[in-house]
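Two complexes, one shared chain (chain A), two partners (chain B, chain C).
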Partner chain A sequence: MDPFIKELKETFINSDDLFLHEEEILDVPVFLVGFKTLIDFTKTKVILQKYRETAISSKKSIGELLNEIGEVKEKDVKEAVSFLMTGKLLIVSNNRRKYVVIEPVPKMLNRAIEPPTNENVLQGSLSSFNEDIETNIGLIRKQINASNIRAEALSVGSEQKTKLSMLYFGGQADKKLVEKIRSSIEKNQDREINNLQNLAKALGFSGWSVISKVNTTELPSETVAFLRKGRVALFVDRYPFALILPCFLWDMFTLENDRNYPIPLMASIRLVRIFGILISLLIPALYVALVAVNPEVLRIELALSIAQSREAIPYPALVEILLMLIILELIIEASVRLPSTIGPTITMVGGIILGQAVVEAKLVSTLLIIILAATTIANSTLVGIQNSLAVRLFKYVLVILASIYGILGILGGIVLISAYFASIETFGISYLNLNYAKEGTKYG
Partner chain B sequence: MDKSLHVVLMYLLVHLGLIFFLYPNDIISSSDEGQWLPIAIGLLFHFVLVWIYMKGLSFFPKQNIIHIYSEMGRGFAIFFLLPVFMYLMLVNIIGVRAYSEIITIIFLSNTPSWAIIILFLSISGYLAAKGVEVIFRTGILLALIFIPIIFFVSIASFQNVDWHYLFPLIDDDFHFMTTPSYMKSFSAFIGGFLFLGFTAPHLTYDRKKVLIAAALLIPFFVLAVYIPVLTFGQGTASRFMFPYIMTVDSTYINWLMFDRVTMFFILCLVTFIMLHLSLLLWMAYQIMNHWFPHQPFYSVLPFTIVIFITSIMIIDWKTVERLLWWNSFLQFYVLLTIPLSIYFIGRRRKGRT
Partner chain C sequence: MRTIPVKLLIILCSVFLLNGCWDTKDINHRSLPIVMGVAMEDDQYNIHLQIPDPGTDTMQVRIVSETGETVSKAVDKLSADMESRIDLLHVKVIVIEKELAKEGGKDLISGFMRAREVSPKALVVVSDEEIESFFSNLNNTTDPQGTTLFDFFDKDAGWSPQIALTRVWEVYRSIHSFTRDVALPIIKSGDSTVIDHLGSAVIKNGRMVERIDEEETLLINAFHEESTHGKVEVMEEATVLIVGNTMDHKSRYIDQVPYLNSQLHLKVVLLETRGNPTDKEIRTSLETQLTNRFNEMFTKLQESKADVLGLGQYFREIPREELKKWRSEHYPKLKMEFEVHVVIRNEGQLKLGGD
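Right, the complex of A and B next:
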């Protein structure tokens, strides 16, 4: 047997889905090598057959035929292995120094293009990205018919290659930004990218930033809007999201889909989201501050009624609110974990616990339940799961500060969070940038 | 990098923080009637000094005052910058101590002031260590969040105004010029613009816009004094430690669920003061960094520790007042020499070329 084939076989020892199929093409014995699990072998063979017939009728030599159907490569095991891994079919003949890589009919291993699962769209285009990077880029090209979309293919990883693709509008996106992203990915060639933390490292970000420096969206329509404003979208193969760079605070409140409504409605929807972040940050902290530290700020009537509702509650406001907030976080986390068939159980049980039992048992005050509900609802108005998670965390900073310093603590906390937001920079571009499309990175 | 908006907003915030606490009392107790005269004179100083300062700085594009002085020679730099450094530290110490005291007086009476000082210093230290651009950006966010509240409260404070207290309009002798409290009131008039000379290589700004910001501040300078006077009359108002805050405290808004709007008002101002403190810390770091280059963290941390220890050693409000009085001399020295010297160095340099 050919040493090349032998070596391939040894590399994939115990991989039973590797096939080595002996064939004759134009009377030359060859091996067809590939993975059963990645290649639709029957269909591929039919196509090969067709090529063979036309070659016979036009009297081509085997060399010409192979040149025509694929790429001829020098025998190099390492390269061949990576071709096999990406689902290519190799045609190897015994007595030649070269082999041919052809693009077979692949097994259908992708989802179809479906409506989004993480982001709901009202009155807007519904298709969302899926796991296949090429489908995603195709969706973008379909979404906007523009010749100046650039799609640069990059790949990272030393052992396992991950395909990355960087999309931007030529002429619109800042060249410096594109260059910075490209060079930082190229610098981190040997890093493996399995998740967004890896990607953040590869882009040179700290893994400890609470606010995610990449904005994710699974909607081509949103992505195109970002691209049009001069941002850069990164696609990672097998990750059904576009990663938008740089990311800004304002993205928390805006969706491109808002622009499908008249301007006053758009403005009020966005205002609601701004209220959302303020309420989810401030209300729990205000409760602690007003109940425990500064009750005199409230109207006397209000202060009394709050005091009355807390009459039989055996622990301080901070413990009370932390207890309930943690239960609430557990409910949210549980409803993400559970299969959707059992999910409603959690809502029901949680609803009963929160709604009635806890209050009737005099473990927490009724007011607190209202506040928790308002907080959770307000938190969900923010755009982007990663953002609402960050706000959920910031809320605790404020609650703890409020329990020590009262209202002063809340405002101090706001300064702290504002300072944190202000200190975030992505490739030299501030997180608080409002006018990126106009200014570009020239001030970055 | 033109960041006029950043600088203008910071200018507003820093001054708003200075105007509403000690300044109304200083003015009201310095003159019995016609308070507009001391205010006008103070504002004149403010405008003239800011103009001279910025004019002087405009001779040196992309240079801050540290560069300018060190170009003139080492001795020169020490002669001018050392007092500035001392002034910055002293203002920081007094500021931290005074505002923590104010907060304990007005609310949080159970919290020890060292705890409040820690909060102040940790927040402004964090900001200062992050650098000037972060401070200015934070300023924008805070302005967006808190300026509406300030406006709302300022308008609400007109509730109990009696316009008869406006008279008499003329104070015929200028005896207020000699009172110590008028000297102290200058910390509001001229205590906030020093940072304009430090931002240079990082941020630049349009001089005209800063002057517009200064003009925008005029109503606040006037209101902070006149609203208490118009509400209580000069005699009563002069007995309060914080006349404006007392006035706000006396307002009653029917539909609001909060009884004390003051609290929010004061605390909004306190956040501006935190910002100012961080700016002062950063300026002090800049001066240190010029002599011994290092990371901001390594000087901000010792600064905050020194400030913390010193401000804890100040036992009572009397000492704070005395320090404020001493500081007003240093302040006059620094805030008169710096703008003027910058201006003359600039003129001379221009004449030479």
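Right, the complex of A and C next:
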């Protein structure tokens, strides 16, 4: 047996889905090598058969035929392995120093293009990205018919190669930004990218930033809007989201889909989201501050009714609110984890715990339940799950500061959070940038 | 590099350990008095506090009292005796007994301003009866929330334009101002209503020097451009309802004599008429009635040398050194011209003289 074949076999020892199929093409014995699980072998063979027949009728030599149907490569095991891993079919003949790489008929291992699962769309285009990077880029090209979309293919990883793709509008995106992203990915060629943390490292971001520096979206329509504003979209193979760079605070409040409504409606929807972040950040902290530290701020009627609702509650306000917030976080986390068939059970049990039982058992005050409900609802108005997670975390900073310094502590906490926002920058572009699109066009 | 997390940890720990704020008390462990009564008894302050006491289902009002050399001493004694800490920040109304008001509450008011315990926005009221009986009557008739007295003075609730509204800081300002005195409402517990409003006390330098009645207080409020909306004026020819008021002032200072021309513009709505008065008759009658009433009050105020209207404020040309003598020298010489202009905005469903 050919030493090359032998070596291949040894590399994939115990991989039973590797096939080595002996065949004769134009009377030359060859091996077809590939993975059963990645290649639709029967269909591929039919196509090969057709090539063979035309070759016989036009009296081509085997060399010509192989040149025609694939790429001829020198025998290099390492390269061959990576071809096999990406689902290519190899035709190896015993007595030649070369082998041929063929694009076979692949097994269908991708989802169809489906409506989004993480982002709900009202009155907008519904198709969302899936795991296949080429489908995703295709979706973008379909979404906007423009010749100046640049799609640069990159790949990262020493052992496992991950395909990356960088999309931007030529003439619209800042050239320096594109160059910086490209060079930082190229610099980190040997890093493996399995998740967004890896990617953030590869792009040179700190892994400890609470605010995600890349904005994710699974909607082609949103992505195109970002591209048009001069942003850069990164696609990672097997990750059904577009990663938008740079990311801004304002993204928390805006969706391109808002523009499908009249302007006054769009403005009020966005205003609601701004209220959302304020309420979910401030209300729990205000509760602690007003109940424990600064009750003098309340109107007397309100102060009395709060005092009445807290009568016989054993815990101080901070413990009370932390207790309930943690239970609430558990419910949210549990409803993500659970299969949708038992999900409603959690909601129901959680509702009973939060709504009735805790109050009746005199563990927390009724007012707190209202605060919690308002916080959770308000938190969900933000765009992007990574943003609402960050706000959920910041809320605790404010609660603790409020329990120590009262209203002053809340003020201090807001200054702290604002300062933190102001300190974030992505490739030299501030997170608090409000009209990047307008500035971006300068670089055209 | 390694030291940064350590430093951060130390800073975080010290935030929690050194802030000294672990002794904050939750709202249900504080007593929030709404009304504070102050009287003087043999050189000792006698303090009454009206405290709503929220139970799980009911709200009760408690009256507690204590004496002490100072207000804070008395409150401190009370706080020690009670099961929760007394938090004076919610005191909305401070009732001062008439005797104390006549003697002068300068130290009392300065104490409130200095200690920051009582909000400077609290209202100051003079009680015409003894503080003891006032509070016990109040407790008998008050609503379960205990906010009756506060509601009485609340602009969103029971306030009417003939009641003077004066805050602690305003009283404090009047003590130190050359040109401004204040009027405090005088009340006592009523028979059918909780409170009887008896007019206002004119406070000069923290001391009560004169009394004016309700109608006169209305003019003071109108002069300060507080809304007099809703006040009913009765005349011989008709009864009208005031729906709007504005003021205009023109001041001159000639030969050491201050002159002030003030014009009150009133918008009224006709309520009832007697006989068949004309539009003009009603207006003239109202104008004369109010002008006379004002002039009477003004003479009284001038005699007591108390500038409740803050008229000194309109003479910016008097230098500060001179202004010191405003109350004693200039104010009694002030020539005041008060004019009322009435507009009948609405004659109701019936036309005047129509019948």
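Following the convention adopted for this analysis, the second predicted complex is superposed on the first by the 440 of 444 C-alpha atoms of A that agree within 3 Å, B and C clash if a C-alpha of one lies under 4 Å from a C-alpha of the other, contacts with A are read in each partner's own complex, and residues count from 1 in each chain.
Everything that follows uses one rule, which is that a contact is a pair of C-beta atoms (placed from the backbone, for glycine too) under 8 Å apart; a residue touches a chain by one contact, two chains touch by 3 or more.
What you see is a predicted model, and the numbers here were worked out from it, not measured in a lab.
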Which superposed partner A:Val293 touches (first chain B, second chain C, both, neither): both
First, second, both or neither for A:Ala419, with chain B first and chain C second: first
Contacts of A:Val105 with chain B and chain C, given as first, second, both or neither: neither
Which superposed partner A:Leu432 touches (first chain B, second chain C, both, neither): first
Touching partner for A:Ile113 - first (chain B), second (chain C), both, neither: neither
Which of chain B and chain C A:Tyr405 touches, first, second, both or neither: both
Chain B versus chain C as contact partner of A:Leu302, first or second or both or neither: first
Residues on chain A lying within both footprints (that of chain B and that of chain C): 293, 296, 300, 404-406
Chain A-facing residues of chain C, complex: 15-16, 19, 21, 24-28, 30, 32, 34, 52, 54-56, 59, 87, 89-90, 92, 119, 145-147, 150
Residue ranges of chain B in contact with chain A within the complex: 1, 3, 103, 107-108, 111, 115-116, 119, 123, 126-127, 130, 133-135, 137-138, 140-142, 145, 257-260, 263-264, 267-268, 270-271, 274-275
Residue ranges of chain A in contact with chain B within the complex: 293-294, 296-300, 302, 401, 404-409, 411-412, 414-416, 418-419, 421-423, 430, 432, 443
Chain A - residues contacting chain C, complex: 290-293, 295-296, 300-301, 303-308, 310-313, 316-317, 403-406
